[in-house]
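Letters A, B, C and D mark the chains in the order given here, with residues in each chain numbered from 1 onward.
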Amino acid sequence: MDLSQAIRDKARELLETGAVKCVIGYETGTDGINARPAFIYEAAEVDRLIFDETCGHNLATYLLHHRAENIAVVVKPCDSRAINLLHGEHQIERDKVYIIGVVCPGVVGRQWGVKGRQLLPACQACTDRNPVVYDYLVGEPVAEGAPAPAPPLPEVEDLERMPPEERCQFWRREFERCIRCYACRQACPGCQCTECFVERLEPEWVGIRIDAPQNWMWHTIRAFHLAGRCIECQACRRACPVDIRLDLLNHKLAWEVAQLFNFRPGMTAEALFPLATFVRDEKLGVGEWASS
Amino acid sequence: MSASSYAYYPGCALQGTAREYDVSTRQVCRRLDIELQELKEWACCGASSAHSLDRRLAVALPARELAIAEATGLPLVVACAMCYSRLRFAAHELEDEAKLREISSLIERECKNTTQVWHLLQVLDARDIPIARPLRGLRVACYYGCLLVRPTDITHFDDEDNPQVMDGLMHRAGAETVEWAFKTECCGAGMPFARRDIVLKLSHRILAQARGAGADCLAVACPMCHSNLDMQQLNMKSVFKDDFQIPVLYFTQLLGLALGFSPKELHINKHFVDAMPLLRGKGLA
Amino acid sequence: MSYQPRIIGFLCNWCSYAGADMAGTSRMSYPPNIRIIRVPCTGRLDPLFVAKAFQEGADGVLVAGCHPGDCHYAEGNYHARRRYALLHLLLEFLGIEPERIRLEWVSASEGKRFTQLVTDFTEQVARLGPCQAVGGQS
Amino acid sequence: MARIGVFICHCGSNIAGTVDIPRVVAEAQKLPMVVHAEDNEYTCSEVGQRSLREAIQEHRLNRVVIGACSPRMHENTFRNTVASAGLNPYLLEMANLREHASWVHGDQREAATVKAIDLIRAAVAKVARAQPLFARQIGVTKRALVIGGGIAGIQCALDIANAGFEVVLVERTPSIGGRMAQLDKTFPTLDCSACILTPKMVEVGQHPRIRLLTYAEVKEVRGFVGNFEADILQKARHVDHDKCLGCGICWQKCPARAPSEFDMGVGQRTAIYIPFAQAVPGKPVIDREHCRYQQYLEWQRAGAEGKKPPECRICEKLCPVGAIDWEQRDEMITEEFGAIVVATGYKTFDHSVYGEYGGGRYPDVITSLQLERLMSASGPTLGEVTRPSDGQPPKTVVFISCVGSRDDSVGRPYCSKVCCMYLAKQSIMLKEHDPEVQSYIFYIDIRAGGKNYEEFVRRAQEEAGTVYIRGRVSKTYPEKGKLIVWGEDSLMGRPVQIAADLVVLATGIEPSEGAIELAQTLHISYDVHSFLVEAHPKLRPVETMTDGVFLAGTAMGPMDIPDSVAQGSAAAAKVCGLLSKDTLALEPMVANVNAVKCVGCLLCQQVCPFKAIDTETLRDGRIVVRINEGLCKGCGLCVSACRPGAMNLRGFSNEQLLAQVKALTR
C-alpha cells in the first residue's frame, strides 16, 4: 500500500475512535511541491496527509508544544530517535503520544520549482531505515545489521585536516552570516528550555550585539548543549535561512560522542546520557599530563 | 562449535610416535561426519623447545600455522596437547596489535589472528556420539596432562585441577571413570633423555595413583604423556621393581572402540603395554 | 615588551587552589600571566565558561582539579573529564588550537607540579600567539 | 546599589614588598561601585579588623573585598569581622594577592602589581553579584540507628544508649553476636569468646534505651543528617516474641533438620531454632524453607501434586503459650533517626577458586571458621575436634594461610590481618585439646603487629611446637585415609610433602552480602573490594562523606576484635556529639533552583553524587526539581549540567563566575 494512504487510514481510525485529539503529519505546501507540517484535528481532513521525499521536517519537535493532549505524530527513523530523546528527558509522556513510524526512503532538501531526486547527503550515508520506536509502522521494515554510527562526513574530515587558522576562518565565514533568528533552535527537538540562555541578560552568556564573537558564542553553546543529544535530523540546517553548516558541527560532536562513549542518542529512551555518568578509569585524552 | 568441517593440524608427533593417535582421530571423526582438512604445508609448532630458546620464534612458528588455517576460513582442530598449547599461546600473544604486526612481517604472511583453535576433546564433547559397543565394565583413569589445562586464562580448556571433558566422553562411551587426583600432574614431559630419573619418578607416581584408584587403563590426549606413561613402564619395572602392565590408550582409541571399530583399525595393537588382554577380558575385542 | 598571553585558570577549591597556594607558600615562581578563579569543584565549572573566556579574549584556559579518586565531592572530576574531553574536541573543530586548553589534576600538596604546569602551559600558549579564533572585537 | 569597600593588606612586606600597594588602591577606587579603598599593614590584626569594621559603618559599605592572603587562610576570620559590623558574612570576597601574586612573582614588581589589580577587579565584579546567605537551622531526631549486631555494632549501641540516647539495633540474623560469637577463644589472651561477649549481648537485650530488631534488614534510607528515615524489613519469624518464653520445647522437638549457618555447615539445626544457646533474643524463628508445615503449605499451593509432605505442626502443639503464628508476614517498619552507624561486618572468602587446596572436593579440607566451631564447647561436636569424613580425631593438621588474601590472581590483593593470629591460636588450642596433635602452617609472612601478638606466635612455635613453613601449597589429594599436602618450603628451597589428617584453610575477610546495596541507599562510597570507605583514612576513620552516617568494624576493612570495639566506641562518640545538638546549621553555599526555568529533564538528578535532588509537581502539572538542602554539599555538578540555567550555586553563581571571567579578560 502507498505510504500516504496508510498514514491517512491510521489517522482516520485514531481520530474517529477519539484515541488522539490531533495527528501531526505532512501535507503538500502552497508551492505544490514541498511538504509542510499538517495538524489534523478532524477525521474528515485526513486526506490532506501525504508522505513523500520532501517530508523533511522533524515533527517530533511539535510534541513539545502539545504536552497536555493525546497526539499522534508521523516520524521517520531519525525523528523517532528524537521521540526517545524527549521521552528519556521527561519532556513527553509516552502514553500520550501515538507514534506512526515510517520506513524511511531518505528525504531531499527544499525543492525549487520542480521536484528533484537528489537525497540529502546525510540521507545518502544513513543506514537507519526503520524507526527505533513506533506504535504503528508504515511501510515494510528493511533488514538491517547492527546499527553503526555513520562514518564521519567527508566535509567534516576535510575540516579536520585543515590547519586551525583555516578552520577558524571557515567558521567565521559561516557565523558571520548568522542573523540570530534562532530558527535552528525553534526547529530542534533537543531545544526545550523555556528560556534560552541566549535571551538572558544575567548571566549574559551572549551579548545582544550581532557580531562575529557573539555569534561564535551562540553557536558554540548551542552545539555543546546538543552534544551527545543531537540525533542529526537536519532540522536546524533546513531551518537556517542563511545556510550555516550547523550539520557539520553537530555531526562532528555526534561522531566524537560515539567514539569516546560508544553512544548514539535516542536509540532507546532508557539509555543513560554519557555526560550524566562516567567510568572511573577511562582515558579520554584530558588530564593526563605527567610533570617531569 | 557446531561446524562439521575443521582445518586439521596433526603435528609431528602424530606422524611418528603417535601414529595411532592420528589414525584413531581420523577414524572417529569420519564416523561422526566431522570433515578434517589437513593444513597444506604445515610445519613445526615449536613445541617443547622453541619457547625456551627464542620468544619470538615461539610465537612465530605457531602463528604461521594460524595464518595458514585462517586462509581456509575454518576453525582449527588439533589433537596433540602440545600443539594445542602452542597455538593457543600464540593466539593469546597476537592479541597485542604491535606483536601481531611484528610477527606477520616475520612469517611473511598476513595474519589477523581470527582463527578459532579447538582441541579435539572440545569438538567431540559438543557432538552426538552414536555408541555401537558400550565399553561396559572398563574402568578408565582419564589423564589430561598439564598442557591442555594450564595456564587456564590462555588455554580456556577446563578446570585446571579436576577437568571433566574426557571423563564425560568416556561415560558416554559406556566406560566408568575413576575419581583420582592426578589428572593434571606432570609426567616429566620432554625430559626422558636428559633426566630419565625425573621422568620415571613422576610417571611412576601417576601410574601408581591410577592403579590405586582402581583403573584398568589410562586414557590420554597427549603424545608426550603417552610415551612417558606407556614406554617407561619397562624401565619402572627395573628401577622401582613395580610392574604395572597398565595399558595407556588415546581417548580416541577408546572412543573408536565404542563406535564399533576393531582394535586393529585403531592401532590399539601398537603400544608397548599390550591392551589386548584387557580388552579381550572385558569382551571388547 | 614581548607578547604576554592572557591565561585564565579555574581551580577547584579543595585540591588545585590549595596546590597553587602551596606554590606560593613555598615561594616557587611561575610566569605571572595566569589569573586564577576559584571554583568549588571542576564539576561545578560548566565547560562553556571556558568557551566564554576565549570569546572574551583569553589566549589560554587552564582547568585544574583533584586527581581522579580524590574529589572532595567524590565524583565531580570524573564528570568534568567527560565534559572537557568533548569541549576540547568542539573548540579544536572551531579552530582553537587544542594546546590552548588544559584540564589537569593537581593535588593540594603538588605546589611544584602546579608551578611546572603553569610554566609549561604559559610557554606553550605564548608560542601560539594571541588567540584569533573567535575574531572581531567583542 | 552596591557600595563596595576594598581593603588591601600589606601583610608586612609579604605583599607590599612586591606589589605596589598605593597603585592597587588607586586603581581599586576607580572600579564601579567601589566607594572606599584603603590599605592596612595587617588587615587580619586587631587594628586591621577594627579599621575594617569602622570603614563599613562610616562608608555604609554593603559589600567588602579584601586583597590579602588565600581565602583558605582567613576567609572565616573576615567573615566573622564583617558579620560583627552588621554585614552578612557572605557579602565578602577575598583576592589572593599573596599566594597567587606576590609570593610567586617576587622578582616581577610590575607584573605582580598588574595581576593584583586584575584580581581585585575580579573580586569586585564577583562580590557585586553576591547575595546575602543564611545558614538554615534544622532539628535533630535524637535517635540512632545501628546496622549490624556484631561486636562493633553491640559496643556502639551500648555506648550511645548509655550516653542517654535511644538506639535501634538492626541485625539480619535471628541473634546478635556476629562473628565473635562463633569463635571459641580470642587471641592473644585465649579468653573464651562467648564468656566476654555474652554479657554485652544480654546488656543490649535488656537495655531500656535499645530497641533490638533481629531477623530484620534495612532496605531503604531517605533524608539527611539529623533527619533520616529508614525502612526496616522485619522478616516473619512465625513466632510471636511477645508471647514466647524461650522455653525451648519447640526446637528440642522439631523433626526437621537443616545445616546450621552458625556452625558454618559442620553442624545441624532444627527448622524452628535459635542459632546458638546464648542467642539474644533467646527466642526462636521458623525457617520457612525447612519447616515441614511450610513445605506442606507450599505443596498445597502448588496444586497438591506428588508426595504429600507431613502436616507436622509439632511446635504449635507443644508450645505452652501459643506463640506459634503461621499468619505472621514480613513487615516494613519505618522509623526516624538522627544518625546511622553501619557495622555490617564480614564474610569469609569462597575458597573454591583454589582447586589445588581441594576444598569442597575432600571433606577433611575445612575452613578456619569451621574449625572454630569444631573446637567450641558449644559447637556441634561439643568441643571435640574430629574429622568430618570419619569422626576420628586428627593428629596431623595442616593450615594454609592467605586463602583469598594477598593474592592478586583471585582479586584479593589485601591482607586479611587476623589470619596469622588465629592460625597461631588454633594451633595452640589443638595442642591443648590433644597433645599428640602436630600442626603445620604454610604462610607467606607472619604478620603479628599488635600488643602481645608476636609473643603469641612465638608461643605457638615454642610451646605448641607448631611448624611454620614459608611457602604455598600446590596440591592436596587423598591417599590411604590421609590428605597428602604438597607445598614448597621457600626458605629451604625445596618441596615438602605432609600426610595430614585435616587441612584448614585460613579464608580471608570480605564484606558481608548486601553491603553494596546498603551503601547505595545510604549513599556512602565503597572501594573495589566493596569495603565501605571512610571520609579520611587518617583523620576521619569512622565518618563517611555523608554527614550523619558513620562506620564501625570490618565493614570497612579487615580488623580484629579490639579494633572493631574501638571503632564501635569511636562511632558512638561521633553519634553522641551529633545527637547532643538540638539543631544543626546547614551549609548555605548550596544549589538552588529557579522552578520557572526548570524543564524537568532531571539531568541534575542523575549527576548529583549526594542524591540531594528531589522532584515536585507544580500546580500547572509541570514536574520540576527541588534541592534537599540537608543533603546538598554545594559541589555544583548539577549547576553545570543544567542547560536551561534553572540551577545555580549560592556563593559561586553563574552570574558571579561570568563576571569574574569578563573582569579578567578585559
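Everything that follows uses one rule, which is that a residue touches a chain if its C-beta (ideal position, glycine included) is under 8 Å from a C-beta of that chain, and two chains touch if they have at least 3 such contacts.
None of these values were measured; they are calculated from a predicted model.
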**Chain separated most widely from chain C, comparing mean CA positions** = B
**Fill in**
If you tally C-beta contacts across B-D and across A-C, the winner is A-C
**Fill in**
Whole-angstrom distance, CA centroid of chain B to CA centroid of chain D, is 52
**Message:** How many angstrom lie between the centres of chain A and chain C, each centre taken as the mean Cα position?
**Reply:** 34
**Request:** Could you grab the centroid distance between chain A and chain D? Build each centroid from C-alpha atoms only and quote it in angstrom.
**Result:** 46
**Fill in**
Per the C-alpha centroid definition, the whole-Å distance linking chain B and chain C comes out as 62
**Message:** Quick check: what residues of chain D touch more than one other chain, meaning two or more?
**Reply:** 607, 641, 654, 658
**Request:** Mind pulling the residue numbers of chain A that touch at least two other chains?
**Result:** 205, 275
**Complete:** chain B residues touching 2+ other chains are none
**Message:** What's the complete list of touching chain pairs for this entry?
**Reply:** A-C, A-D, B-D, C-D
**Touch list for chain C against partner chain A, complex** = 47-48, 51-52, 55, 68-69, 75, 77-79, 81-97, 102-105, 112-113, 116-117, 120, 132-138
**Request:** Quick one: which bits of chain C touch chain D in the complex? Just the residue numbers, please.
**Result:** 6, 8, 13, 17-18, 20-21, 23-25, 27-30, 32, 35-41, 43-47, 49, 52-53, 56-58, 72-76, 79, 83, 115
**chain B residues touching chain D - in the complex, by the definition given at the top** = 159-162, 181-182, 185, 209, 212
**Fill in**
chain A partner, complex, touching residues on chain D are 596-597, 599-603, 606-607, 621, 623, 641, 643-645, 653-655, 658
**Prompt:** Considering the complex alone, what residue numbers of chain A touch chain C?
**Reply:** 159-160, 164-172, 205, 207, 211-214, 216-217, 220-221, 223-224, 227-228, 249, 252-253, 256-257, 260-261, 274-275, 278-282, 284-287, 289, 291-292
